[in-house]
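Quick notes on the structure that follows.
Order as written gives the chain letters A, B, C and D; numbering starts at 1 within each chain.
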Amino acid sequence: MKDVVRMGGILGIVTIIAAGVLGAVANVTKPRIEEQHRLALERALLAALPTADPRAIVPVKDENGNILYYKGYADPDTTKLVGYAFLAIGKGYSSDIQTMVGVDTTGKIIGIKILSELETPGLGAKIEEIRHGEKRPWFQAQFIGKTKKDLLVDKDGGPIVSVTGATISSRAVTNSIRKGLERLEKLIGGFKQPAQQPAA
Amino acid sequence: MGLSLSLRKTFKGGVHPPENKELTEHKPIEVLPPPSTVVIPVQQHIGAPSEPVVKAGDSVKIGDRLTEPTGFVSVPVHATVSGTVKAIEARPHPLGTEVLSIVIEADGEDAWSDAVQDDPNYESLSADEMRQRIRDAGLAGMGGAAFPTHVKLSPPPNKPIDTFILNGAECEPYLTADHRLMLEHAEEIVLGMKLILQILQPKQAFIGIEDNKMDAVEVMKKAVKQVGVDAKVVALPVKYPQGAEKQLIKALTGREVPRGGLPMDVGCLVQNVGTARAIYHAVAKRRPLVERVVTVTGRGVKEQKNLLVRIGTPFSHALDYCGGVTEDAVKLIMGGPMMGIAQFNPEVPVIKGTSGILVLTEREARLREPGVCIRCGRCIEACPMGLMPTVLHSLVNNKRFDEAKEYGVLDCIECGSCAFVCPAKLPLVHSMKWGKMELGRRMKKAG
Amino acid sequence: MEQRMWKVSASPHLNDKESISKIMWLVAASLAPAGIGAVYFFGAHAAWVIFWAVVAAVGTEAAIQKLMGKPVTVSDGSAFVTGLLLAYNMPAESPFWLPIIGSIFAIGLGKQIFGGLGYNPMNPALLGRAFLLASWPTHMTIFKTAPHGGTISGIDVETGATPLNLLKLSQDVLRQVKINPAEVPAQKVAEATEHISKLYDAYGNLFWGKVGGCLGETSVFLLLLGAAFLLYKRYIDLRIPVSYIGTVALLTWMFGGTDGLFTGNPLFHVLAGGLILGAFFMATDMVTSPITPKGQWAFGIGCGVITVVIRLIGGYPEGVSYSILLMNLTVPLLDRWAKPTIFGGAAKK
Amino acid sequence: MSVVGEFTKGIYKENPVFKQALGLCPTLAVSNSVQNAVGMGVAMTFVLVMSNIIVSLIRGFVPKKIRIPIYIVVIATFVTIVDLSMAGFAPALHKALGIFVPLIVVNCIILGRAEAFAGRNTVVRSLMDGLGMGLGFTLALLVLATFRETLGNGTFYGLPVHWKGFEPMLIMILPPGAFLTIGLVLGTMNWWDRRRA
């Protein structure tokens, strides 16, 4: 019995020390980690809304505080709305693929950035492949300028060229973006008609 | 033909080696003049060796008893020429190693012992008296296994024999000794069979002959009618090993001898045609087993013949009589090509179980280096015992004897079908023999 | 009698004329019609793929055996057959290095590393194919060459797909319509329906070989010609092919349709893809299939089940190679399970 | 064995991956690129050295019966430190290594060295052992990753190293490629050792 108490005590002491150390480390790294997350999000938002002022991208939240989408303005005073950004999540082959997508006020995609994916290297992961000599991932670049009706992969009869051997990943990205766009459209009550075709 | 063949009773597995019987099947049995010296091993049967009762210098006549059996499962040997006992010493034996043998120098008179006399009243002898005469004649199965005949004819009372089978299948390729014997001595064979039936009193009797010997089937049918024996002559499809006891019983009666059992476990008893004739000689003429028909054949012999040979005659003597061997002869075998035993020394003597002397040329023997198993499964299809030879082969060669036993290595009848069909030319039978030997040794050790 | 060295060996002293090399070369010969057909259908490029695969297979075997100080046994024909089968499992327009690397892998890591002929647990040619498929999926799954003599109304090559691939895509569309009609454009549905009906009418193309696909798998007729020869020579028997093809037919009939049970097209599934090639020439590979008759039945059924699962549920349109490879691994177990009954039944106590 | 010997043994003679066949799971998982290999190697070495030191320090008063839980607590502490620091200071690497950083906890190399070495040796020796083993692990990862990344992706440390027309051998950066590579490397090493012996 005495033995058990002694051993328990030692174990307790070791655990307490470990907990203390970890607490200290967490204290130091927590702001850094949050900063990293924030930076990643910011980078994604900037990529999604390239025409917006970095300081003027504001989240739109629902009553529970969940972010629904972002509004991007061209000036720090948030008067000139250039577009919206939203996070699209699609079920890929081996992970949830999170994509930050930006559209202009007419619903045309103006920027896209995949935030996280854990697809098969060499196959599904090619949705982030940057071809030699290019700056942006070729798969994602296809989406620029597309509207809702174009968001179908080639296998489903659409214009988006899927990654060879990775239809599932390609489809996941494409469909999640289309659905996100539809949701956004509902939330904001419809996009503006494109300028070239004035409303009837 | 195809339909009738498939409807006929047979056993599972088996192979169709080239028969090569045409070399000798039309050659009548010739009497081989006795050699100047015969070598008679004291053990030519399965069981305890017999003990010499003569000594060097004794003079003997044909049929004089040379040894006394040392137990129930043991038979004596007899002089096969008249002459003088020159030596009693170890001599090469066709089953390998050296065995104590009685060497007799022939005096050329070829005189028979006085004890060899016809007995006109032999049919009234009791079963026991017949068995005694059979034993005194030194009879051991002449099909090859050489099990003492009187033992086989004494089934225990709890294992009644209801079926007797006379084995004239002669499924070994090349060999025609039994075939010729049936053609030329059908009556004596059937008379011998009659005696066996008298001893055993079975309910039914068959004579099984492969249908490549239809002439023998006819002759035997006639002889059966003439002698007045209640036996059915059955022509069996040609398939090796049709003549193996268990396969023959299966083909004729549909019964399967249980694993590790004997034919008497299913009420059957099988005897070779040569043995039947020798039984007739032993009982009716009190004539011991001193000679037998041997097929001297193979393309390595200049003239293939069927010979009546005295026991103890060196192989070389018989071969010389057949014109010697050819230049390209590479293999000398006692018995048939499937189960026979390769000989190193042509001076070994003919023994009671010698059904053939086979000399193969290089082309016939097709000697090839063994390759590796490609798991083609042909051996499994060929095995008449339902074993997996290639599995046993690797188990034995990895010394996993207990597993080999589980996989049935002890059930192997060493018929050679597996090794015959093996495209890799693996020495499968050799492995089986090794496995059986090793397991036997272990069992002995364990007591 | 003169002194002579008699050769002594264990019985039997006769043996069959069959030998490993005879078997292997005749298997190669039985594959010849399909090879000639491939050259006819796909042109000279197919001949080059076959040539490079065979040369690399034989060369690798010889080189490894030489390096390991073992006797060189390429003349037994087994490496030749491996090269041939690998080539038959590749698109006709493969670049020359693809069959070479595939053969090197097949022989080196599929066969010699295990000890050479007789010791490889899996079919080396299929292992080579699996390796290539994992390494260069684009090269292994894109079929650009239209077979000489026509295709299934042009649709299979126009889209660069094999009939099975096309079927899978079209059926995917039809299934998706059922789940979520709004997501699929009507024109797409019409196209899928048309493709399926065209495919199901194309038995003639599938049988004679006028379809896209791996170079050796397209002509059922030519493959059966070779298979008939092997059956006649008794180098293969019907247990594995019958149970394999039968299982595929049954399961695709039951589950292969989009309108519920028993609406599939079993004949299409049997004729399309590599099933005939696989069932007669690769699943029957002696070294890697069971040796026991009962085991062979089970092996064929297992191959069939896995093939259908891959074709209907899995990510690939075709499942023959993987099903055979997977079943290869079960062979020791199957053989242990399927021990034949020993003559005389249970051991006497 | 000399103190230096304690260090060098981990590099080849007692290489944790190739000779002791420990920690194969992370080895197979993260050796698909050189960058991952270096990151994992550094993280592992840090945890190994620190846990070896601590285990060696406290070996005097740790009761035998509860040594394993205590080792685990020690190891887990350092792994969490690494995980948090990496997330804070090297987010890209943290993302790439994914689940394998937290899984260092159950990496048998660390527990194995704590149990087999640090628990019965002095602090200095344990430190050297941890360094050697960590270096050995890193080297093993590097060897595998070099093969896999160059063949499977045509790059080395993310930089393209291939001729024109080279088509990467995808299988090499997929899990089967890891098994193939480690098998071939092990085979070559055994062959080499046998030849020298």
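Please note the rule applied: a residue touches a chain if its C-beta (ideal position, glycine included) is under 8 Å from a C-beta of that chain, and two chains touch if they have at least 3 such contacts.
Everything numeric in this text was worked out from a predicted model, so none of it was measured.
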Which chain is in the middle, if each chain's centre is the mean of its C-alpha atoms?
C
Write down the chain pair with more C-beta contact pairs when C-D is set against B-C.
B-C
Which chain lies the greatest distance away from subunit D when centres are computed from Cα atoms alone?
B
Here the gap between subunit B and subunit D, centre to centre from mean Cα coordinates and rounded to Å, is 71
If you average the Cα atoms of subunit C and of subunit D to get two centres, how far apart are those centres in Å?
41
Distance from subunit C to subunit B - Cα centre to Cα centre, in angstrom:
50
What is the distance in Å between the mean C-alpha positions of subunit A and subunit C?
44
In subunit A, the residues touching two or more other chains are 123
Two or more other chains are touched by the subunit B residues none
Residues of subunit D touching 2+ other chains?
170, 174
Chain pairs that touch, by label, are A-C, A-D, B-C, C-D
What does subunit C use to touch subunit D in their complex?
109, 131, 134-137, 139
Please name which positions on subunit D make contact with subunit A in the complex.
32, 58, 61-63, 65-66, 69-70, 73-74, 76-77, 80-81, 84-85, 87-89, 91, 95, 98, 152-153, 160, 168, 170, 173-174
Which part of subunit A faces subunit C closely enough to touch in the complex?
123, 152, 155-157, 164-165, 168, 175
Which of the residues in subunit A come into contact with subunit D in the complex?
3, 6-7, 10-11, 14-15, 18, 21-22, 25-26, 28-30, 32-33, 35-36, 40, 116, 118, 120-123, 132
Which residues of subunit C touch subunit A in their complex?
137-138, 141, 169, 173, 183-185, 187-188, 191, 315
